[in-house]
């Protein structure tokens, strides 16, 4: 599980690469900066408040909120496997802490190319430090979602990690408005990402990290279960690629690699909720549907003019909801009761995150402002917020 | 001395270069420019959104040459640069007052 | 026939293009150039060392057109290209001896 | 071994990066697309037919072909280490499945910049789904190569993985013909790869993945053997770098990084057949010779006008043959009998793959065509097959 | 008013710029072009195959200036741009009919 | 620990990416070449002499120098965990060998864009093959630093790995002189790195590798200690990012990602000496101070005109010294006696490395020359030493 931790760490590089690759070169330093500082924020806030918000201890079982105090305090036997069957306190902490930043990294992609750096970092502190661990506590910390009659099931976080990020992304992108030139009076224009190899690299690293994410979430070294999770994870990703390929080819008559990459992620996000509950065939179906769905979602969000440069909302929110509900439809837990529990979880998390993110973004919008000014956006955030260019040696087109 | 400036299809550069070289034109300068004209750029597609690149990449050739060669050079470009499709480009001719070779300060036609 | 060459702010290109297109100018060529002039490039900063990029990126537009359109085109550029700040650019006008359309060997004003 | 699986997974990113880096930027999306979809194909076909073709079960021991039916069926005790000493059924499956796509990824490099996407994907399905597992069964599935008097030895697949890919690459490249402008009447021109950092990244990732490939092929967690394999693998790679450096410097009087990168891979491919049989010194020799050989092979294939943009044939076919034969020359198994068995294996696999790949490519060539038309090739496959550019922001040279 | 167009070695740009600036030339425009001429590009080598890049990268400078400065500017380029090796480049002089400053609509020599 | 080895291996890719990213595109092939060949040198020389110089055996305990002969000889029980509690001889060797090249890789960054390739490779052979193992022996091989009354403590090599590299970098950069155009009569100019995404990738890979570096240095699989080391390592890195962010923002009024990246590395280098001795809070302080210090160090070295394109001296030397001394200030060993021992270690290693590197560089400078000529430097090392370009398809700015 410690190795899983390091693999999850690489997911942050995956996000950084994917988001930088799918946006324009004039905003690359900005995106890399955000995705470098966010994991640092995640680690520090999680140590300071997050862990104790998420795992406040048994006395808060069934509740909505609990807090065990600032900082980390070492329990008895922290350094041996007495802490918990198979792993130590620090293993537990660092594995969880590596996740934490993900919620903000997802948002980062959706608000890219126009959000002001300072307000976004402030948002990240609150979202990663407070919103994510509270939601996490609902299920993993023994909160009310875990004590439903048919407990809500979310193996590694389709809802608790990905949807949380996805809701924040939706609210952020909607409140910011689209990038200049995206939806004009003459219709929609494409704003192509500047570096497809970088984006591809990002998705492979995310897939790689997902083995750690899902595999490590077994929270034990049971090789039977871990290996099963590896298989379901891989199958869903592969099927996600095909799902997106088929739907995007039918719709656009071209082989769109960015859709295939998004499809892989959708498959991964989709299987995350039930990676240990599915068989090979269900994994493939979940991946196929997830991959196809994502293409429709991208088109849909474009239609309602929510501008999401990297497809984060489609992948993490739509994919996360699909995966969570799929636990009620396929696999060992399938059943109406489970489906309803899943739905409760999706809705509860959605409402909370929308309000949490909405309030922060809205207040900031009305006060300090959340969007860079027009000249800055046109010229690029790199030169304006960082006085630096990502590729100073290369000549760029217009 | 005249300057011949031609905006051509990038894909015809090699043929035109071979033709003018055969005339004895040893020097030429060229660079990438962007054109707007009758031809439309082919549609590209990104994440389901088709879009037309804002311009067409073209090559501009500049050849400064003596009067006698102006016509043959233009013929090269007209012949070799032609596909008959919208987008084949244009040729413009200008007067050159003086020319110098930096290496040995030759001037006039000597310098070409 | 005259050639109008304007060195403009890259950010004013769209406005100027719209204006000349309204005059009936169907063709133009443009490309990125580097300028040195009164305007200073904004400072960039790298690892604590501020530095001024060696030049300012600008766009050069070239339009070859008939006499009657020379003035309107220039007015377009003067009006639409102006911000009033140092760095707005320059326009130069040259004589063109001859023009050819490669596609169908039209010459003269026909070719524009 | 599950971790080895994830490392092998990253090899696909390695291949994608290397191949994209060593080709032109106008074909980058196309190459990334192929190398993204191929692992997906590998995983799905291996689950559907490949695994049961490769490991049909004991009743087919000694034979050329066996098939245990479509899909995966779970054996008794699949989820515990009862399945096999040290790993579970799913571990076994997913580790093997990650390999499977390699055969097609290798071909992808050799046919790059001119092959039609559709036919190539069709080829990949057949090659990965049928050809590779059949060959694999000959040795690893208990087939005839394993029951030779002196059994053919191929530890992790110099022949069974790399040569299989290499033969496909050779046939594909030969039947396609060279890229436009490579061999002209005025002689040979170079067509430089567009992104050397990307190619370097690819080779490092491949080397990284190889630790999983060779280390995991120990098929047990015996730390003594795994660590030995790590040492032989590393030594061969390092020596391969020097072998290629020395030969290429002597021949070309310049320090050619692409050759050094190929040399590393040649060392890795070379040691793969006998990674557990070699000592430190033999590994170094195998690497040195492999690295040097590759430079000669690249020059040779250029001379016979087989255009292989990334050197895949030299690395995987020549390196694979060298490594397989080396088992008969160096190490614990060395001996005439072993050498003959190795030769038999090389030839048998070669004949089968040449015919298999040859028939598919030839039939496609005569019917649907395997090569894009001239205009498409000149303009680039990205804009023609994918309506997209890999680096839309950057100005490119002519 | 004349336009001086010089195709120079990229490596001599700084020296030439310093020299013309000393003459009081405050403005110039330059950009990268590709040249074909007597000089041959140095051989590059890729995977054992030597090849000659199809062109030599060069810099083109454009300076529009008043008659009096034409000769001094040309001398700058001839002196500072010279290495004596094949490949030093050329200078061409053209007539300019009119000039405008976009910022304040100055015209003629005022605008330079 | 074998997995740690593979993670440390990826650090070489991290160094290659970081150094290539922070320098100009005209020298990229050169940097990649150096960083590809150095690990090969490291592995081979370490097998040939390094390992036996570093671990000469018990009879040299307390001394400055010992050598157990060329090549590797297998001890009894090498292939079982009898060799040492928890790992085999080969595991030990390969883990150590992966480190070895680091000393030269660090130098590579500081001398980039102007050093002659041949002399630098010669230097690397000597520094990696002789200097590094001798210093390593002083502590890890049981030499005199380990037998001080209060033994010098350097968990994973803040001094023994990073400072060794740092001192070489300082001497190399100083003797070479600054790059043309860096410090002119009109003051200092910036020479921006050409590919910030590549540099970011490099730092993430280094961080990833550091988990292997520090985690593996536990030299046992004690999960309590390894997980603690993971936490301290991560916290120091995250705090290093913030330390550098805060100081650089205060000084430069801009969000400089290259400083944040350097700050992360400074945090990592800083925690390396005491990763197993620190608590969460001390790790954060060490990281914060380290990150801040690095910004001051970069400015300082610029002021004294030691031109270090990638900040290697600041990160590895300054960070390494800080981390080593910090063991005497924070954590379980803190105390005056320990601080003095740490100081002795820092000084002893410093003196030895400065002399070793100084003599080699100085002799080479006076004989074969260590710097490329002016035209070569201006035009770029790639085309001159390698006849190749890193990005031949892209148009570059002047």
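Read from first to last, the chains carry the letters A, B, C, D, E and F; within each, the first residue is number 1.
Note that contacts are C-beta pairs under 8 Å (C-beta built on N, C-alpha and C of every residue); 3 or more make two chains touch, one makes a residue touch a chain.
Fair warning: this is a prediction, and the values are worked out from it, not measured in the lab.
Colleague: Using direct touches as single steps, what is the fewest number of steps from subunit B over to subunit F?
Modeller: Counted as steps through touching chains, the separation is 2.
Colleague: Over half of interface residue numbers shared between subunit A and subunit D means same, under half means different, so which is it?
Modeller: different
Colleague: Could you see whether A-B or E-F has the larger number of C-beta contact pairs?
Modeller: If we tally the contacting C-beta pairs, A-B comes out ahead.
Colleague: Check E-F, A-B or D-E against A-C and flag the pair whose interface repeats it, over half of the contact pairs matching by residue number.
Modeller: Interface equivalent to A-C: E-F.
Colleague: Where the CA atoms of subunit C average out and where those of subunit F average out, how many Å apart are those spots?
Modeller: Distance between chain centres: 52 Å.
Colleague: Find the geometric centre of each of subunit C and subunit E from their Cα atoms only, then give the gap between the two centres in Å, rounded to an integer.
Modeller: Computed value for the inter-centroid distance: 19 Å.
Colleague: Taking each chain's centre as the mean of its CA atoms, how far is subunit A from subunit F in angstrom?
Modeller: So the centre of subunit A lies 34 Å away from the centre of subunit F.
Colleague: Could you list which residues of subunit C touch at least two other chains?
Modeller: Each of 31-32, 34, 44-46, 50, 94-95 in subunit C touches at least two other chains.
Colleague: Where does subunit F touch two or more other chains at once, residue-wise?
Modeller: Each of 3, 192-193, 195, 201, 254, 256, 258, 387-389, 391, 394-395, 398 in subunit F touches at least two other chains.
Colleague: Please list each pair of chains that are touching.
Modeller: Once each pair is checked, the touching ones are A-B, A-C, A-D, A-F, B-C, B-D, B-E, C-E, C-F, D-E, D-F, E-F.
Colleague: Show which residues of subunit C lie in contact with subunit E when the two form their complex.
Modeller: On the subunit C side, the touching residues are 2, 6-8, 31-38, 55, 58, 60, 74, 77-78, 81-95.
Colleague: Considering the complex alone, what residue numbers of subunit A touch subunit B?
Modeller: These residues of subunit A touch subunit B: 188-193, 248, 251-252, 254, 256, 258-259, 295, 298-299, 302, 311, 398.
Colleague: What does subunit B use to touch subunit E in their complex?
Modeller: 3, 17, 26-31, 64, 94-105, 111-112
Colleague: What part of subunit F is in contact with subunit A in the complex they form?
Modeller: 3, 7, 24-26, 192-197, 200-201, 203-205, 207-208, 211-212, 215, 223-228, 230-231, 234-235, 237-239, 241-242, 245, 254-258, 260-261, 264, 280-281, 284, 391, 394-397
Colleague: Looking at the complex, which residues from subunit A come into contact with subunit F?
Modeller: 2-3, 5-6, 9-10, 12-13, 16-17, 20, 28-29, 32-33, 36-37, 39-44, 47, 71-72, 78-81, 87-91, 93-94, 97-98, 117, 195, 198, 201, 385-395
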